[in-house]
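In the two complexes below, chain A is the common chain; its partner is chain B in one and chain C in the other.
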Partner chain A sequence: MEHTALLQGIHVKNGKIKTRTLTKATITVRAVIIFLTIFTLIGPFLLKYSTIDWPTAIFYTFDNLKMMFLQPAFNQITFGTAITQIVITLALAFLATILGAFVSFFLAISTAKNLAPASLSNAIIAFNSVIRAVPTVLWVLIFAIVAGLGAVAAVLGMMLHTMAYLTKAYAESFEEIEEGAIEALRASGASWWHIIFHCVLPQSASYLVSWTFLRFETNYGVAIAMGAAAAAGGIGFELFMSSSFYYDLHEVGMITYCALIVAIVLEVIALQIKKRLMTQ
Partner chain B sequence: MMSTITLDRPTEQVTSKEASIAAQTVLELRNIEKSYDMKTLIIKDIDLQLKQGEFVSIIGPSGAGKSTLLRCINRMIEPSSGDIIFDGTNITQLSKSALRKQRTKIGMVFQHYNLVSRLTVFENVLHGRFGYKSTLQGILGLYTEEEKMLALSILEKLGMKDHVYKRCDQLSGGQKQRVGIARALVQQPKLLLCDEPIASLDPNSSKVIMDHLKEISQSMGITVLVNLHQVDVALKYSDRIIGLNRGSKLFDDLPKRLSQMDIRNIYGAEVDELIFE
Partner chain C sequence: MTTTNFLRMKKWKMTGIIILLLAITYGSSMITDFDVMKGIKSIPGTIAWIATNLIPDAAAMENLPKVLSRLWETIILSVIASTTAAVCAFFFAIFGSKTTQINRILAFSTRLIASVFRNIPVVAWALVLVISFGHNVVTGYFALFISTFGTLVRMFMETIDEASADGVEALNATGATYFQMVFKGVLPDTMPQMLSWLFYMIETNIRSATLIGLLTGTGIGYLFDLHYKRLDYGTLGLITLSIIVVVIAIEFTSNKVRRMIL
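Presenting the complex of A and B:
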């Protein structure tokens, strides 16, 4: 009897007490997972394999990989050129990141729920998701219409994507800040900009730096692709030349190694920065 | 340089008419009401007068509306109706920027200190000066030497001088609260609102903080309004006690007039032992 009183308003199914209720969100998540699972399972059966000569395909794949990664060599370009081109790629990524980060900061303080009115916040969020939904390459090609194919279009396109990404990341960092410190400053008559620069910024600085550097790493990768796809120059363009123009897999391998080493160095630096900032 | 700084209220107020001025009303609330949902009143028709230098405690059970009432006073929460007359100005009708000006004269101290934890004690205390600054001055952190001296002298008074350059996340709770008080005092306020300033502190730190608050009301002539959970503390320090229950003021009188019956009314019948634990 006591039981029935206790269980009033509680969901019970097959004699078991449910610890959660089915909401719209959980139903959606489940539907997505089920759909993806089914799709992954039946997908491979829908492809056409008849034209493939399996032994040859496998042999050449490994042969190509061997040429690339076990016998790397510079033929068309020199090591010096490779370094210069990597620096150019880094510069593209750097420019896109810095410009994007600058704009993002201002967009993020107008997006964070604890700093901005909901209407403005939602408008920027919607605007940003549209930007993010279009791939970087497409943005670059769109900018290429006015700027011409090349570095300018590449930087603009990458910047736009960076902006949309960092705005979200920054805004979330701002929302993490304890409401109390902001409340205290508001109560003392501080203006909104005072609060931004003397409370929001110092409290979230380490996150901002860490997000920005993460995006820089990503942009480095994107800049390589843009070098090839949008003729933005840099190591990506050399990679494109040696793979599609000279069919020189040895050089493709060598360039890949160079790009990879730089990526690893960036990763290590990012880790160091993060460690410094977090322990500080 | 020190001579230019006065921690106490400007001398013009301590003149021959001392008696009448000592009784000067700093804050008056008239029929303040607050509802969050347009249905239930969280604050019901509160009238209240605070005099200069008075130390007043608000007691009441959890959810009585103590924090809400306190935040209505500086309009951190917008009251639904009623008038707030602070320092001769009706602040219920003020524009945003005029309200900002008035807020500089109302210091606020919080249960969880609400400091910017990654900045130093000194920086946090100086934040209390933003209300006096233009946007650009404030952003650039351009504090005058007088302001820095004022901050230092307040920190010294609160026994925090040795920690000026420490980051606030390295302080104990009691120390953080003293920084919180210093930040409020550097505003040179007429009124100090304290929302459960000792609720997160041990008894020793609590005593230090309460002693400082009492001292502030007595020697600087600043009116102090404190939300408290501990009836014994309220009895010990207050000039006047206000009892709040479900948004209504049930008691407003001297501590010695607070009877067992009153406490029972304020807190509900089941908490007799509250005062004698």
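Presenting the complex of A and C:
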């Protein structure tokens, strides 16, 4: 018993040292987990299901997946077309990323807490969270009313989300720059643009490149979805045609494989870029 | 002399990169028929259009109960797809992470499976599932589950790698079993960060659910598509606004919780 007096701050219960202490954080974590568990258990009963014949549905799903992944084949389109469409999808993603990155850079220097006034920064953050809240596909469809369905609407819609995402990422990279470096330049009489181009940009360049490529990878996936949902062209549209119009799952499988290989290559490149830039 | 050369080299390199990017941009706009001028011109037009047409009017408000019930369905779907995917993703992440892997072959195969699930476009899953499950919430659930699972495995794996290498080493040194190490060491250490990712996925899934709904004819996405094709822009505005409110509310709550647990 006299040991307990020595070990201050250590709680003993039934002769065992209590390893868990209740802080505000642990209580919150527990409450969140309990809430999510209950919601997950009750949730399925709150949904309305139209009648599903489960055994048949599951059987057909596996049958469809078998057709898709084990017997892929091109029927309506050729391999050449698929490659061309993938290049178009990549081009859409690239345009949205590069235009979004360009705008984001200027928004981010007006958002970073160490470079811009707080009121402007908060206004841009609020604006961006509204932009981000609307799904990309809705933006694309809204732009399509004025610009017509196609590449213009798709690129603009994807660009908006890219902009909201990259502004946040860029601003955070800018905020990590040492305050001393900026102060030193300011003290030597450098103009604001001098500070941006000779201190902020070179110091955060590797982060910016890494974030931008990561977003390009995401945009490739988004571009596929936009092709299917908003007729933006590219491999997504072919995917939509072969599944919803021709019901040709062999071709869906083949297209999926093509899109998958490109996506994995992009992911590996993104990882390599991140690794190389972060170790510098 | 050497410094000027170095700076000049850097300048040339930068110029080269900029020219290359411009060339790719030009090439991309050629093959996709993207007209930059038309794009810039349609931005003010769209803003004006949003300001005049996308305002919910009295007729649109009659659709409010319908919108709310679809929205509620979408929220439930996003939450349960995210939580169930998170539980599965946790085990995959444990087997795939470098610090807690059992052996290399298992780690490699879990990472490969997760990568395949993550990189197959969610559109493909949705379009295939709708054939067998029909226009039903189940289609949406499975499509969301698969894509969330793939993403969360990657996020959880990074979290485990970053957070718990020292803790795992310490527990292994005391002779803890594998399960003790995972549930007493890794899990408490990484829980707040993983919950934070889970919230992020719930928010993302509300947006993805709209897309999947549009493709498969379910939920709020279907409602949007329906009124879009009817040119009923008042209701369209109502749907868009309600999605904005829900996503921002979830973002706000998750930011609050995140600040309390991290």
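Please note the rule applied: the second predicted complex is superposed on the first by the 239 of 280 C-alpha atoms of A that agree within 3 Å, B and C clash if a C-alpha of one lies under 4 Å from a C-alpha of the other, contacts with A are read in each partner's own complex, and residues count from 1 in each chain.
Note that in this section a contact is a pair of C-beta atoms (placed from the backbone, for glycine too) under 8 Å apart; a residue touches a chain by one contact, two chains touch by 3 or more.
What you see is a predicted model, and the numbers here were worked out from it, not measured in a lab.
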Inset, instruction - After aligning the two structures on chain A, examine chain B and chain C and state clash or fit. - result: fit
Inset, instruction - Would you sort A:Thr136 into first (chain B), second (chain C), both or neither based on which partner it touches? - result: second
Inset, instruction - Applying the touch criterion given at the start, work out whether A:Ser244 contacts chain B, chain C, both or neither, answering first, second, both or neither. - result: second
Inset, instruction - Would you sort A:Cys199 into first (chain B), second (chain C), both or neither based on which partner it touches? - result: first
Inset, instruction - With the two complexes superposed on chain A, say which partner A:Ala181 touches: chain B (first), chain C (second), both, or neither. - result: first
Inset, instruction - Have a look at where A:Val155 lands relative to chain B and chain C in the superposition and call it first, second, both or neither. - result: second
Inset, instruction - Would you sort A:Leu46 into first (chain B), second (chain C), both or neither based on which partner it touches? - result: second
Inset, instruction - Have a look at where A:Thr256 lands relative to chain B and chain C in the superposition and call it first, second, both or neither. - result: second
Inset, instruction - Look at A:Ala147 in the shared chain and tell me whether it touches chain B only, chain C only, both, or neither; answer first, second, both or neither. - result: second
Legend entry - Comparing the two partners chain B and chain C, which touches a greater set of residues in chain A: C
Inset, instruction - Determine, under the contact definition given at the top, whether A:Leu107 touches first (chain B), second (chain C), both, or neither. - result: neither
Inset, instruction - Could you tell me how near the closest CA atoms of chain B and chain C get once both structures are overlaid on the shared chain, in Å? - result: 6
Legend entry - Residues on chain A lying within both footprints (that of chain B and that of chain C): none
Inset, instruction - Sort out for me which residues of chain A touch chain B in the complex. - result: 178, 180-181, 183-191, 193-194, 197-199, 202-203, 205
Inset, instruction - State the interface residues of chain B toward chain A in the complex, per the touch definition above. - result: 74, 76, 100-104, 106-108, 110, 112-119, 123, 127-128, 130-133, 135, 138-139, 141, 180, 183-184, 187
Legend entry - chain C residues touching chain A - in the complex, by the definition given at the top: 21, 24-25, 27-29, 31-35, 38-39, 42-43, 45-46, 49-50, 54, 72-73, 76-77, 79-80, 83-84, 115-116, 119-124, 127-129, 131-138, 191-192, 195, 198, 207-208, 210-211, 214-215, 221, 224, 228, 240, 243-244, 247-248, 251, 257, 260-262
Inset, instruction - Over in the complex, which chain A residues touch chain C? Could you list them? - result: 24-25, 28-29, 32-33, 36-37, 39-40, 43-44, 46-50, 52, 57-58, 60-61, 63-65, 68, 87-88, 90-92, 94-95, 98, 129-130, 132-138, 141-143, 145-147, 150-153, 155-156, 221, 224-225, 228-229, 233-234, 236, 239-240, 243-244, 247, 249, 252, 255-256, 259-260, 263-264, 267
